[in-house]
Every structure is written in C-alpha cells, then in structure tokens.
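Structures follow.
The following pair of complexes shares a single chain, subunit A, combined with subunit B in the former and subunit C in the latter.
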Partner chain A sequence: MSRKNRTKFSIIRGAAALGIGLLVAFLLIFFGSEGSTVGEKFSSALDALREMLISPLFRKDGSFSLKNLSDVLAGMIPILFTGLATCIMFAANQFNLGAEGGIMLGAFVTSLVAIYVPVPGPLLIIVAVLAGAIASAAVMLIPAVLKAKLGVSEMVNSLMLNYVIMYFLNYLMKSFLADTSKGITQTFPFQDNALIPQMINNGSRLSWGFVAGLIMVVLSWFFMYRTKWGYGIRMTGINQPFVMYSGMNVAMIIILCQVLGGLLAGMGGGIEVLGRYNVYNWSALPGYGWTGITVAILAGNNPLYVPLAAFFMSYLTKGCTLMSTNTDVPAQLISIIQAVIFIFFAAQQFLSGYRQKLVVQSAKEEMAENNAGKEALR
Partner chain B sequence: MRILTTDFFFSIFRIATPILLATLAAVIGEKGGISNIGLEGIMMMSALFGSLSAFWSKSWVIGLLAAMAVGLGEALLMGVFAFKLKTDIILVGTAVNMIGSGGTIFLVKTITNVTMGSALTSTTSLITKELQIPSIHIPLIQDIPVLGKIISGHSLLTYLAFLLVWLTIVLLYKTPLGMNIRSVGENPNAASSVGVSVSKIRFITIGIGGILAGMGGAYMSMYYAMGWSLDMVAGRGFIALAAQSMGGGEPVGSMLAALVFGFAQALGIKVSATGVDSNLVAPIPYIVTILSLVVFALNQRRKERKRYRGAA
Partner chain C sequence: MSEEYVIQMKDITKVYPNGTVANQDVCLNVKKGEIHALMGENGAGKSTLMKMLFGLEQPTSGEILVNGEKVNLSSPSMAISKGIGMVHQHFMLVPSLTVAENMVLGMVPKRSGCLIDEKKAVELTEEYAKKFNLLVDARAKVMDIPVGMKQKVEILKALVRGARILILDEPTAVLTAQETQELFVQLKNLKNQGYTIIFISHKLKEIMEITDRMTILRGGRSMGVHETSQVTPQEISRLMVGRDVILKVEKDKAQPGKEVLRVRDLSFTNEWGKKMLDSVSLSVRKGEILGIAGVEGNGQKELVDMLFGFSRPNGGSIQVNGENLIGLSQREIRRKHVSLVPEDRMLYGIASTATIEENLISDRSGSPELNRGILFNMKAIHKETEALIKDYTVLCKNGSQQVGSLSGGNIQKVVVAREFSNDPALIIADQPTRGIDVGATEFIRKKLIELSRSGIAVLLISADLNEVMELSDSLIIMHGGKIAAYFEDTAELTDELMGRYMLGLEEQSPEEIRRVCHE
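Take a look at the complex of A and B:
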C-alpha cells in the first residue's frame, strides 16, 4: 500500500472508531435522558452530547474559553506520563498495568520529600520528583525481574502491586503522616519552594510540569527510535526470538522497559502533586494509569503521538464533567466512551475489508504505471 | 484470641466461592488458549445486573440467571473483538474492566434514574433478605459436631461451585468438547487441520467462562454483600488468574489455590477484628498472590531441571 493510502486509511479508521464511541455515548444518553416523547428525548440527548463535545473550549454564548482550554491542558499532565510509561512497556509486549500504582507511589514519595527534606530553592522540586520516580521504578523491578527471570506474568503481578501500594500508602498516611488537625486524611503542607510554578494563574493548575511532560515525550521518542536499547525494546515486541538470536539481552530489555515505565509513571505522580496541590491527600488509585493505557493504544505506542492522544482524552474527560454539571448525565460516561474507542483502535481487523480495497487499488495503480512505462519503452 | 474456630473455617468457603467460580472460568479459558483478564469486569457487570434483575422480578432465580446471561453476553462480545477483529485478548479484557469500573456506576445511575426517578450509586438498598441467594442446611451433615457447622449452611452457589470443579474435570477430560477445547488451546492449526472449527470452540470456551464469572458476580451482589456497590469485586477476577496459574491450570489444583486465597482473606478479617489497621490486612490476598506465583514458578523450574537431569 502506498504511503498516502496508508495515512488515509489510518485517519479514516481513527475517525470511524471515534464515531462509534460517540454513537454509543449518544445512545446511552438518549436512553437515560428526560422527556416523554422520542423527539424530546432525542433533542435533550443531542444537547447533552453537544455540551460534552463543545463546552471544553467554548462558552454558552459561543465565545472561546481560555480557562476551559487550560483546564484541559492541565488535565493532560498526569496522563502524558502514564501514557508514555505504558507506550514503552507495551512496545516490548510487556503488559505491565502498574502505571496506576506507580503514579500513586510517585506522588506519595515526592510529597514526603517536599514536606520533610530541607533542600534549598527550586532544587527541591527536582530532588522530590526524582525521588518519586526512583521509588516507583524500584517497585516496578518486582514484576519486571519476576517476568525476566522466572516467567511469572507481569500483568497479574503489576495488578496485585497496584492494590498493595494503595493499601500500604493509606496505612502509612493514617498511622504516621496525616495532619490530624484536619478533618480529612492529608499530609502537612509542602515547603513553599517545592511547588511547581504555574504557567497561567487562572486556577486551572496548568503548571510548568506540562512542559516537562512534553520534554519527556521528545526524550522518550528519541530513546525508542534513535537508540540501541529503544530498538531492542521495539524489536522484543515484534519478534522476541529474533532479538534473542541476534545476541541482545532479552531479560535486560524486559526489565529495562518496565523500570523506565515505573520511572515515568512515578515522575508523573510527583509533577502532578507538586503542580496541582500543596498537600498530599490521595486515598485511592487515581485512574490515570488506565487512561494512560488508552492513551498508549490511541498513540499506537509511539511517544510522539502521546500528546495528541492525551489531549483527546483530557478533552473528553473535561467534556463529560461539564456535561454532568449542566445536564443530569453522569460523568462516568467517559469510561464507556473510552473503552469503546480504545477497543476499536486496538482491533487489528477493524475495517480490514476497506484496507483490502485500498491495497488492491494501489496495486492496480502500480501495475498500470508499470504497463504504461513498458508501452513507452516500446 | 482463638483463630481456628468453626466460624473461621466456614468463612474460608464463603470467601473462596466467587474466587473459585472465576478461577474455573480462568482454567477453562487457559485450556482453550484464552487469557481472559476481563473476568474482573464481567463479574462487576453481572453483579450489577443480577441485583437489579432480582429487584425488578422479585426473584433471586431471575437475578442469578440474568447475571449469567450478562456474563455470557459480555464474554461473547469479547470473543467478537478478540477472534473476529483480531484484537489482543489482553486489551479486550482491559476495555471490559474499564467498563466494569466506571461504566457500571454510569449505568446504575442512569438505569435507576429512569426506572425509579432517583439516581442511586449502589443497589444495596434494593436487595432484601428474600432476594438473597438461599443458604442450604444439609440434613444429617449439619448435625455432625464441628464439621457440620463448617460444611453446612452455605449458599447454594457455594455447593454449586464445588460441584462445578468436578463438572469442569468431566468437561475437559471426558467429553469431545473438552478434547476440542484443549486441542485448540494447545495447537489451533492442528485442531483446524482435523476439521475442528477453531473459532466456534473459542467462542464456546470464552462463553462458558463468562457464565461462570457471571455466577461469581451474582454471588458477590446477591449473597456475599447485599446489593452491588462500586468496585465491589475488588480484584477477585485477577486473583482468579493467579489461582489458575498457581494450580498449574488444572481444576483441582486451582480449586486448592482459590481456597488458599479464601484462607488468607479470612485470616485477614480475623486479624483486623483484633484492632489491626484494615489497610495492613486488606492487601494480604494480593501479596499472597504474588508470593504464590513466585513459589509456583520456582517449583516449576526445579521440576524442569530434574527432568533434564533425568533425561541426560
């Protein structure tokens, strides 16, 4: 298939997946919406859908809302990191689902450093975030080494670790670290120099962590597509025996990609807490890890497309939140839309009939060109 | 404090039942070459619809059947994506789990809003004692001292689950269908070459798993807890996968593994009754899962080494 046709196909395929996701959303809203007649239900469902798709950028009167846009961008920060983490792990066919626990642990450890460790100036931010990233990477060693050395499923282990991390952190919070003068379980406030400055001061909490996320996107891309280890990771995903027989250390690659995944997820957690809050108060897994998996699948495991996919997910999430405040459709609709789009993106044979047609078409064109060339030679 | 009371042993079976049902789903699935990580999401969804159907129909039987039907339907849908549209089964399972977590809360709010006029976030108020899956007191056995108190008085589904272990063995090893499931799991091309419809067998395999997970979901919302609440399955679908691999993929071994998890959790509940922070107790089953997978893998490795040495 020609390059042009391939791009055309992936755009159409993506659009079709989005379309199906939105159609399912519409049907669900329609089913649950108020109104006695079908017509009334239809129009109120349409209103809700419009709310979801347009309100993240525009106000009721049609004017552009910078505040909402910056909300969307701020919402991208954690899922940029979990998305990148998942990209790197999934690229090697390591179905490690631990970004969820990883981001929580990173947020927690970063918070501890930000509260208790005396480091001067903005250096504290770097030290704290690195501490969170390293803690999370260290925990990822567990599923990684067990997979590489013993062949134990990294998927089950990483899922179990998510729960272990959550309960253990909650235990530490409740028993030792909570500021008991407050009604809810939260830590003491961070030191002032630990807070990541904001890019826009409008309450969106769009911190400079966003830029850090974009830098990590570029670095991850460079690592994956321009270094030996990145090549090894991608090849392991495509053809593991080939990597083994060509003499690369497969066990090392399996460990490396998961540790890097943990590192990125932990970094994301640290940047998220220092950019958004001034205390740590997470009491449950935040869900960013799962969104990160969707982001990675939408991006086709290529770090360069992660910002686009993260923007899309953040936009939809914001849209669903606004929709649920302005209509009576619950915001959790996002999980269903997310799952539907996700699965159609992941389905290799989705629209395969159409792809076949494009392949045949470009083959015919090629043949026609060849024949024309031969004619001319005669 | 005495831990090893009859109550304690009773609770092991009570806790292990949903894990056992999901474990059997995982066993049959893996025999057919399907790693179904969506069991968690299927249990969540069927738990919700089981409790809702029981409430609407005023009958636990309908609730249970609805839960099984939802499990079957969801599993077959997974099959369409995995086998027809060639989606990685792990990603299909992930999508099912996404819907099982956030999607169920959307559905329960929307459905109760439409049918009852108020959006509920759980169905705990809907399941009454009459709608609970009944417990069975076995005559004679219940009069045996100690043992009677442990074995008798469980839910119908608990007995069914242990019966299903036996049925699973029969299915897998004594029927043509079981033979086909195993052959498709071991070598789909070989199975196909002798005229087995691989696709059909795969759909049957994942479908049976869906029904079993549906029963597990019904047990969660209609017996273990009264009514559905968010994330109530709490990783039992994943633990089932661990039990499957710990049990070497065989029904009896996996059943024992499921009982080990039941034991770990029952112990945790006992310990937390003494005033230990529940956050320290709650992760015990998950830690046991990781440790047991490691022990199993080490064991497996030692066996292989022995075999090589024996051959040499």
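Take a look at the complex of A and C:
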C-alpha cells in the first residue's frame, strides 16, 4: 500500500474507533440518565456528553478556561513517560507491563533522595530523578534478563513485579519511612530545592516536567529512528528471526528495550512527585502505567504520536471528572470508553475490508503507473 | 466407466491470493479400493491438491466428484462427512491428552449429560484398534508414545470419523525403516477391507512397493496417470524431475583457488532421532560454484542450518578460511565473511513491514561508515542503499517503500543485494531463485557467476535441476543425508543420470565422492 493510503487508513481507523467509543458512551449515559421520557433522557445525555467533550477547554459561558487546559496538560506528564516507556518495549514485541511498577518505584526512590540527600540547588532535582530512573531500570533487568536468557514470559513477570514493588514499598513506608505525626502514611516533606517549579501558578500543578516530557519524546524518536539500537529494537519487533540472521544481538536488544522502558517510567515517577507533591504518599499502584499502555497502542509505538495520545487520554479523564461533578453520570464511565476505543484500536481485523480495498486500489494505481511508464519509454 | 472412481478431480486450477499458481488443470481419478500415489517434488502442487480434496482450500476452477456425485467441499467437516479423511504430515494431536481422548475430540461420549465418559472413549479406541489391527495404547498420553504410534492414532482418528478414503501426506517422512514396513502392512490390510488410500510421497522405492497406480505432478501440472507395474523407476524419475525450459547462462571456466569452506564428517540427528546428515564432507574453493542437488528433505536444509549457526551438529567440523564456525552466533559467522541467501526469504531474509532501506542495512547497521557518533549517518545510509537499489535493479519508487509490498522477485533482489555486497568470502545461496520471475532469476544467476569469477566461493543449493546444472562448476547430489555422487564437471550430466542418484537408485563409491574434498 502506498504511504498516502497507509496514513489515510490510520487516520480513518483511529477516528472510527473514537467515534464508536463515544457512541457507546452516549448510549450508556442515555440509559443511565435521569428523565422520564425519551426526549428528556436524550437531552440530559447530550448535556453529559457535552460536559465530557467540551468542558476541559471551555467554561459554561463559552469562554476559554486556561485552568482546565493546564489541568489536562499536567495530567499528561506521567503518561507521557509511561507511554514512551511502553512504546519502546512494545516496539520490540516485548510485552512488558512493568511501567506501572516502574513509575511507582521511580517516584519512591526520587522522593527518598529529595528528602534525605543533601545536594545544593536545583541539581538535587536532577540527581533525585536520575536515581529514580536508574532504580526502575535496574528492576526491569529482572524480566528482561529472564526473557533473554531463559525465555520466561516478560508479560507475566513484569505484571507480577508491579505488585511486588507496590507491597515492598508499602512495607518500607509503614515500617521505616512514614512521618508518624501525620494521620495518613506519608513521608517527611521534600527539601525545598527538590521541588520542580511550576509553569503556571494556578493550582494545576503544570510543572516544567511537562517540557522535560516533550524533550524525552523527541529524544526517544531520535533513539528509535536514528540510532542502530533503536533500529535493532524496531526490527526485532517486526521479525526476530531476521534480526538474528542479520547478525544483530537479539538478547542484548531484548534487555536494552526493557531497561530503557524502566528508565523512562522511573523518570516519569520522579518528575511527577517532584512536580505535583511535596511528600510521597502513594500506597497503591497509580494507574499511569496502564494508561501508558493505551497511549503506546494509540500512538502505534511511534514516540512522536505519544503526546497526541497522552493529550487525548488526559483530556478524556478530565472531561469525565467534570462530567461526574456537574451531572449525575459517574466518572467510572471513562474506563468503559477507554476500553471500547482500546478494543477497536487493538483489533487487527477492524476495518480490514476497507484496508483490502485500499491495497487493491494502490496496486491498481501502481500497475497503471508502470504501464504508463512503459508506454512513455516506447 | 466413471462409476469405478470414488474420487474424480476434474481440471482443477488453484491460484493463491498472492498470485501463485499451485495447480493448473490437474485431473486426479482414484479407483475404489486402490492405493493411489500422488508423486512430485516439493512445490509440485501435491499438498495444494490434497488440501482442496480435504476442504482446506477451495479450487479456483474445476470440479470435484465423490462417488460420482458433484460436491462442494467447503470445509474439512464437509469432506469428513463425504468419507474423506486426512493424515497430515505434521500430526494434529493434542500431546497432553491421552490417545483415547484424542480419538474422540469433537465427538466426545458423555456420561450423565456433561462428564466425559473416559471408559467409553477407551473402549471405542480399542475396538477400532483391533478391527483394523492398528495397535495403540489408548490410555497413554500422546506425548509419551513413539512417532509410529502417533501415526496410527491419526489413521484411527480418520477411521472413527467414518472415512472410507484416506489421504496420507508423506506418511513415511518421520518413520524409521521398521515403522515404515509396519505401516505398509497395515495399509495393505486396509486396502483389502475396501478402503481407498491416496499416498503422497516422493520416495520411489516406497511407491513401487505399495501403490497400484500413480499420478505424477510437476510444476503444478499433471504428468499423467500410470499403472505402477507398467513403469520403471527411471521413467518416473524423468517425469518427476525432468526439465522444462533451459535457460542458458554464459560462463567461462572456473579457476579454483585455495579452499574457503571446509566441511568434514558432519553429522546431525534430529529431535526425533532420525539421522539427517551422515558424515558429510566437502570443500568449496575460491572462485568456484559447488552445486548441491537433491530432492528436498535429504539433508540440504540441515546442512545450511549447520553452516550458518542455526543448529549445532552432533559431530564433524566446519571451517571457513581455516577458522571454526561451529558454536558461533550468526553475528560471528558474518564477521568471517559468510553470507547466506536463505531458503525462506520471508522468515529470515526480510522484515516485511520495514522499508527497503531498513532491510538493506540489517547486517551492517553498526558499521562505522553508516554511523556518526551515536546517531545513524542518514546521508551515508541513503547513499549506500540507493546505490544497491540501482545496482540490483530493484523495481521500486524509493528506498522508503515497504519491502513487503514488492513482488517476490524484487524482494529477493533486496536480499541478494544485501548478502552479495558485504564483502563475502563465501556465499551460501539456498534456493536463490525459487518462485520468482524469469527476469529476477536471470539477474541473480548472472550475479552469482560474476561474483564467483571475482574470487568468491559459492555454495549453491537448489531443487531446480536446471539451475544447479547451469550454474555449478562441480556438483554433488545428496540423498538420505549423505552425498550420493560428486561430478567434477557438469557438462556431461543428463537429467536421467541425476534423477537416478537423487532418488537413491544409485550411489557412487566413497572414493569417488571423496574427490569433493580436493585433498
């Protein structure tokens, strides 16, 4: 298929998946909403849907809401990182689901450094975030090496590892690190110079970590498309026997992509805690890793599309929160909408008939071109 | 006249979606109660024809009659209901279940509505086993029983489902000599009970021993029906492997230099305990093309796997320019300047959704010429790949086109461009022109000769007789994991002579064969 048709197909397919997701959402809201007549139900469902889709940008009176937009952007920060992490791992066909535990561990280790390690000035931020990233990368060696050397499924391992990390961190918190003068389990406050400055001081917690995230997007793209390692990772994802036959080191690639995934997830955790909080108080998996998987799949494992996908997910989350605040529709609906979109994106055969048509069309165009070329030569 | 046929396949043509024509106006008539051989080389269209008879594929045109009645075999269950059963070459059994459980899969006897009636399954199995004298251990797990018994289970499975016509797809490929003999006794037994058997094989001796009539396929076309007792093995071999078109390639006489590839006493026994390579020794020298001919499955694949590190031999040695290759990774083997044009180009040769450019640099992505610091030097990559696309006349818009969207011939040109351009000392070309168009075939053949004359050692493995005879300077024939013959000069060879060695009717003396070592 020609490049033009491929792009066209991706866009139409994406839009169709979104449309179906929203349609399902609308139906669910419709059946769940108040009102005795169909007309009433319809109008209240429309209200809810409008709330979900429009309110993250505009107020009731139609004026633009910077606060809501910066909330959406702030919500992108952690999932930018987990999305990139998952992109790199999935690109090599390594279905490592450890970004969830990775971001939690990164947040925790970064917090410890931010509390206890005396480093002067803003250097502390860098040291703390790097420490979190490295810790998370190191832990990701477990599923990576087991897969590369023994062929153990990285999916199962990383999935279990998330819970090991969570319970281990909770144990450390409760036994050693918690500030017992507080009512909930939380650490002592970070040193002041560990806090990442905010871009806008409106309570949105949109920190400069957002820019760091965008920089990582660009770096990840360069890594994936402009270095031999990224090339090896992508080729492994397409055809592993080919990579082996070509003389690349498959085991190294399998380990590398997962360690990098851990690194990015950990970095995201560190940036999230230092940008949003002044203590560490996570007691459960934050869910950013799971959303990161959706982001990576929406982005088709291409780092460049991660910001778009992350924006979309963050926007939907914000919209659902606002919808549940202002109407009687529960915020949990977002899980259903996400699931529906996810299913249609992940479904290999979705719109495959349409794709076949485009393939045939491309083939015909090519044949016509070839013939025209031959005619011209005569 | 037509009543005596249980199966009639009339003018069957099959075109696969990718454009491959697997069968062309093939007719197959099978009489009731006979053992009918379907013969031909790999790729001749035997399997496709049988898949259509078993409802796994639909013919593009032509019709199928079972017991004189026209049928539309849209699925295997349809075929089974018409009394057709198939025993696949690769067993379709669940290893973790018992023999009896496998027997009743999909037709499980139930006890009180939902529980599996284990006893009844075992009884049923034993009843059929006794009736057809195919003794199996009904309670054993399939993974614990020997290959020969697995095959019996497969046959019984078909019989339990009411098959009167059995298709056996290369049933002896995985069996030892004794198991084969046992199978033949049982097949004759079935024949005496009125069952019809279609026996797919390319092993001449077996065909002569067990079948009544045979249909020979070559290149997707039927070469006619023959009474087994009326034809000689020589005629069969001529019909099976004879050449159709002769593509002449110009080449001057080889000036062999020093030894590049040195293989000595290479042996390999596969996971089922079958000896696939038996003390193979050969040498390829600088500037010459050594061809390996032979019916597929006689050790060529295993030999290539050993040479390129995909599996390890049980014994023997492999050296390139005096350095050992055994136990090395593909990366290390490539560093010794060995290139491989793989037989399965879609599996090993390319990453089909990647671009042409990405496919052309897969073996050199780490080279200093293509990198600047930690980043790729995109300019150098474009320059190198554009030059390769031009030199090897790959028909494409540009290097960023997906390689999988090219035609088979152009895909192979991409593979060849990469493998021929990385400064090789030895090129292993495994079926380099299989299934590609005439233009690409001619191009690749010329390139191989050109490279060999420039001082590269070439080992050419091909099932295409025309190809090995035209390209090779000297030639060996493999049969049963051994070298059956060595010919120093291909000029004096005839198809018929080669056919006799390929099918194991003749074998040279060890001294004659040993000449390939050039000692």
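Heads up, the rule we're going with is that the second predicted complex is superposed on the first by the 360 of 378 C-alpha atoms of A that agree within 3 Å, B and C clash if a C-alpha of one lies under 4 Å from a C-alpha of the other, contacts with A are read in each partner's own complex, and residues count from 1 in each chain.
To be clear about the criterion, contacts are C-beta pairs under 8 Å (C-beta built on N, C-alpha and C of every residue); 3 or more make two chains touch, one makes a residue touch a chain.
Everything numeric in this text was worked out from a predicted model, so none of it was measured.
In this superposed model built on subunit A, subunit B and subunit C take up the same space, so to speak, and clash.
Contacts of A:Ile142 after superposition on the shared chain: subunit B is touched, whereas subunit C is not. When the two complexes are overlaid on their common chain A, residue A:Gly32 makes contact with subunit B while staying clear of subunit C. Judged by the touch definition given at the top, the superposed model places A:Ser181 against neither subunit B nor subunit C. Between subunit B and subunit C, more residues of subunit A are touched by B.
By the touch criterion stated above, A:Ser335 is placed in contact with subunit B alone, subunit C being left untouched. Shared-chain residue A:Tyr167: touches subunit B; no touch with subunit C. Once the two complexes are laid over each other on the shared chain, residue contacts for A:Leu159 go to subunit B alone; subunit C is not touched. Comparing the listed stretches 9-17, 27-35, 63-71 or 99-107 of subunit C against subunit B after superposition, the clashing one is 99-107. By the touch criterion stated above, subunit B contacts subunit A in their complex at residues 37, 81, 84-88, 90-92, 94-96, 98-99, 101-103, 105-106, 109-111, 113-114, 119, 234-235, 238-239, 241-242, 245, 277, 279-280, 282-283, 286-287, 289-290, 293-294, 297-298, 301.
Contacts from subunit A toward subunit C in the complex involve residues 1, 3, 222, 226-228, 231-232, 234-235, 238-239, 241-249, 362.
For subunit A in complex with subunit B, the touching residues are 28, 31-32, 95, 97, 142, 146, 150-153, 155-157, 159-161, 163-164, 167-168, 170-171, 174-175, 287, 290, 293-294, 297, 328-330, 332-336, 338-340, 342-343, 346-350.
Subunit C meets subunit A in the complex at residues 308, 329-331, 333-335, 340, 342, 347-354, 358, 361-363, 365-366, 370-371, 374-376, 378, 400-402, 405.
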